[in-house]
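In the two complexes that follow, chain A is the common piece, with chain B as its partner first and chain C second.
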Partner chain A sequence: MKRSFLKTVTTEAKLLLIGIPVLVWTLVPIYHMFLFAISARDSATSGRLWPQEPTLQNFDFVFHQKHFYLDHFWIQMGNSLLIALTVGFLTLLIATCAAFAISRLKVRGGRTVMNLALFTYFIPAAFLAVPMYKTMGLYGLLNSQWALILAMVTIASPYCIWVLKQASDKLPYELDEAARMDGASPMQLFFMVYLPLMVPSLVAVGTYSLLLAWNEYLYAFLLLSNDKSVTVAVALGNFLSADDSPWELLMTTGLIYAMPPAAIYYTFKRYMVSGLTSGAVKS
Partner chain B sequence: MASVSFHNIKKSFGKTDIIHGISFDIRDGEFVVLVGPSGCGKSTLLRMLAGLEDITDGEIIIDNTPVNDLEAKDRDIAMVFQSYALYPHMTVRENMGFSLRLRKANAQLMQERVAHAARILNLESLLERYPRELSGGQRQRVAMGRAIVRDPKVFLFDEPLSNLDAKLRVAMRAEIKELHQRLKTTTVYVTHDQIEAMTMADRIVVMHDGIVEQIGTPLELFDIPGNLFVAQFIGSPAMNVVKGDFKAGTQAVAAQGVQWPVPASLARHAGRTVHYGIRPSDMTLSTTQQGVPAQVVVVEPTGAETELLLHVGGSPLTLVMHGRTSVQPGDTVHLDIDVSKVHLFDGQTEQRLD
Partner chain C sequence: MSESATLPSAVAPARTSSSWEFWGRWLVVPYLLIFLVFVLYPVCYGLWLARHPESYVKLFEDPIFFRTAVNTLVFLVVAINVKMVLALLLSGFFIQTRWWIKIISALFILPWAVPSIPTILSVRFMLNPEWGVINSTIFRMTGLDGPNWLNDPTLALTFSMLMHIWKSLPFWTLILLAGRMAIPSDQYEAASVDGATTWQKFRFITWPSMKTLYLTSTLLSMIWTLGDFNSVYLLTGGGPADLTHVLATLGIRYLRLDQVDLAMASIVVALPLVLPLVYYMMKRLSK
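Up next, the complex of A and B:
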């Protein structure tokens, strides 16, 4: 009893020893950002742990687009949202169909598709930025948001296909057979049995691709150039083009930009639990 | 209800032949059990009947209709899987009604059929539960309910009891048999457990290495096994078999240094090497110090019966006797063999000699 208690304490102590530095490491930059966001322009770089006169004025500047760099803030926010949602949706659609076809319908050449999907990650996405730029130029899509959407779907899909394929493989195959015997067509199997059981994985994968697109900078910067079509990520980058950057506004916008992903993550966290399939078959 | 015929069915996976030409008929309303050791092809045969596996060669006929090219859903067959395969995101009611929902049956019919099946299987109080909230036996019953709701021509069971514990298995065995007596639907049941086969079947099909070894009623297979494999597979404890010479002019098989008595009716087979078989319950302990001498190794009392593990000339032998005994391990006993119950099988072909 005592021994196991001691053991628990040591284990927890070890975890804390790792956990606390990691937590500090993660939170300090965010706190720094927050500090900038609530400081007035002249006191932003004072080095204090808490500003003398905290202010919400910066948020007012951002929300009401009261700065040269923020002229199109709401449009850009909308762009980010639209692009992220479209990428999330398209990736989910492609990956789900691919995973279902490969894992459940066992279509010919499925293995090859999986290997090709893995192969795409042998080359870092950054190396492909310029070829992608050329390709989009060829299609005449430059400066269209479709260029960024298609590029992000291309980058996100292979990984999502892998994740969904692995998750699909874990669903008992007898369920498909039972449904077939019950008279389900492949489409009915897909919609009535497969999708409901895949919800946790779909949410995870959808969130992943959505956030990937939301946070993307390089491709957005390359493929979009018009101030009214760029995403907030690119707009934030543009803050640094001047010698005298408004740091407090940059940080405030950054903080606002980081909110939706956090919200999405916390909303869907509870869907990302496993165990939905328990009770299907005896394991 | 329907009859089922297998005509020279063959199955290969790639270059490996699993089933080498099987033919037999199942009558309308019959309960047929396919039994055999694992890998004998019994599940594959069932899955071919279900439409879940392609038929490499041969023809399966249900009610005079060849079904080779019919989809599983068009064969009007319901199957109970070993793993139950219940849809985890649906309640018991939805699970049972799923096939009707796919057929776009009207709500009232669905309601009636599900209620009817639930009444038969005693599931009425569980209809709104999810599979994960049910015990193994209840899940098993839901799986059966899903089959009953469809009112199919044929029921298929693929080792449905192997996930249950021993006690529940016996109970469900009786339940399935009773269900069949009530519904009288043609049933094909696959198991590797010969006790299940013996207790449930109208007829048993014994399979081994992709061929049918013998087809018959449980007692036919027990009393007149057609070959050595069936003799040793059917019956528990298994039949005792020793290999020896049936010398011409004698009334006995010489094996393990002992003379094993043979009935006069089998005397014409003298002069060849044979497998001599005798069931554990067809021998008794002699009270006269005559008969086959044996050494007692283990005594296993089970209450009503006592099982003795013996050694005769180095080969093990089992004897089952009614009641109890005072013999101890190490004792030497003599065996009285019921000569009329002796089985002889050819030494080479292992076929029964009559």
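Up next, the complex of A and C:
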């Protein structure tokens, strides 16, 4: 009895010995950002774990755009939102159609399309950025938000098609047969049978592409430059160019910018985790 | 193999019904257009820009390039292996059922879910030599000035790698955790009855069923890490003196300097490494 108690205690202690460092490692950069956000200008670096006089003044500065770095804060927030939503919507549309055609309609050449998508998925993002930037210039899209939207759709859709195809391959083919026996057209099958059954994967994939677009820095920084058309990520990067940047405002803006994706992730967590890992385990 | 693949289509009624083929074709058109306009054309155009041998001569003569190649290799070998081993170990931690481990695992995913720029800049400020929290603490405790962390190429690259690990460890832990959860628990129970140690359980049950997933994940992580621009650019900016660039940031640096031929050449020289990986991954995943 005593021995098993002792054994339990050692096991728990060992687990805590892993858990605590993991938690600290994960939270330090985020907590540091939070600490900056609730500290007055010069007290953020005092080394205290909690500021002597926590303040929400920084948030007031950001929300009311009271610094020239923040002149377009709300417009940039709106840009980030608009771009993320458009990318999420377009990616979902394109990927669902492609996955349905490949997996359910078994269109000829579907396998090739899947391979093209996988190929795109495996190009390192920063490598594709160079020729993508040049071609966006040729298309006359530079500095237009469409450039970023289309680039992000290009990057997000391959993985979405793959995840959706994996999920729809698992649906029993008898469903399609039954629908066809009843004289359903492909579109009726798509809207009345396929989409309702695919909802969990669609949520996962939609959330994935939305977050990918909201969080993107490199493509946004290359493709957009006008202060009024950039996203928050690019605006944060611009703080870096000056030595006298107001760090506490930068960290406050960063915290505000990081919160929506975290909230969205937690809301759709169960779809995300199962949706994004199911394909990986199979391979 | 090929027989079992053709079997379903042989059983299913012949799919000649033209409206199905018609719709199938139309539904893949949007993606094909995206692929042609924003992947195929840019890739071909990029390769065409990289056609001059002089670009490669210029590239190899640039002292930054050699340093970048070394940095990239170090980044790939060290950061990825450390990250994957940690992910493998942590997946064994997160599979334990405790209420508090659930809370940690929920928080653990944050680095992956939130955008990189605010968190990387947060670390950058921590490392600021004058007023960053690390050096302020060192000064308060010892009265000495701390090191100028990001001004030393080795330390700066190390921090970039740590930043990369911080950011992508949660994702790979999640993948490997899913792999562990797919192992039937009765195998472990049987092993416990036979008196197997933790190590033996790992060696003879966990590892054999996870090694393919582990290898695939490592290779995939290699391809993606080659494209990791943020961990280096946002933390060190490639500095000091352009000594911490990796291929991802060097290409963008040339692009910003309007030397597109060099940018493309720096990417093309990585292709002998990238293409076999891509080919292998495509074969695995398109099965």
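By definition in this document, the second predicted complex is superposed on the first by the 246 of 283 C-alpha atoms of A that agree within 3 Å, B and C clash if a C-alpha of one lies under 4 Å from a C-alpha of the other, contacts with A are read in each partner's own complex, and residues count from 1 in each chain.
Heads up, the rule we're going with is that a residue touches a chain if its C-beta (ideal position, glycine included) is under 8 Å from a C-beta of that chain, and two chains touch if they have at least 3 such contacts.
Remember, it's a predicted structure, so these values are computed and weren't measured experimentally.
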Touched partner set for A:196, first chain B, second chain C, both or neither: first
First (chain B), second (chain C), both or neither touched by A:89: neither
More chain A residues in contact - chain B or chain C: C
Touched partner set for A:175, first chain B, second chain C, both or neither: first
Partner chain(s) touched by A:184 [first = chain B, second = chain C, both, neither]: first
A:268 touches, of chain B and chain C: first, second, both or neither? neither
Which superposed partner A:108 touches (first chain B, second chain C, both, neither): second
On chain A, the residue positions that both chain B and chain C contact, one per complex: 177, 276-281
Touch list for chain A against partner chain B, complex: 172, 174-175, 177-184, 188, 192-193, 196-197, 276-282
Complex interface listing, chain B residues touching chain A: 50-52, 71-73, 77-79, 81-89, 98-99, 102-103, 130-134, 136, 139, 146, 150, 163
Complex interface listing, chain A residues touching chain C: 15, 18-19, 22-23, 25-30, 32-33, 36, 45-47, 93-95, 97-98, 100-102, 105-111, 113-120, 122-135, 138-139, 150-151, 153-154, 157, 161-162, 173, 177, 185-187, 211, 214-218, 222, 233, 236-237, 239-240, 247, 250-251, 253-255, 257-258, 261-262, 265-266, 269, 273, 276-281, 283
List of chain C residues in touch with chain A within their complex: 8-9, 12-13, 15, 19-21, 23-28, 30-32, 34-35, 37-39, 41-43, 45-46, 49, 90, 93, 96, 98, 100-101, 104, 106-111, 113-123, 125-126, 131-133, 136-137, 140, 166, 170, 174-175, 177-179, 182, 212-213, 216-217, 220, 223-224, 226-230, 233-234, 237, 247-249, 251-252, 255, 260, 263-264, 267, 270, 274, 277-278, 281-282, 284-287
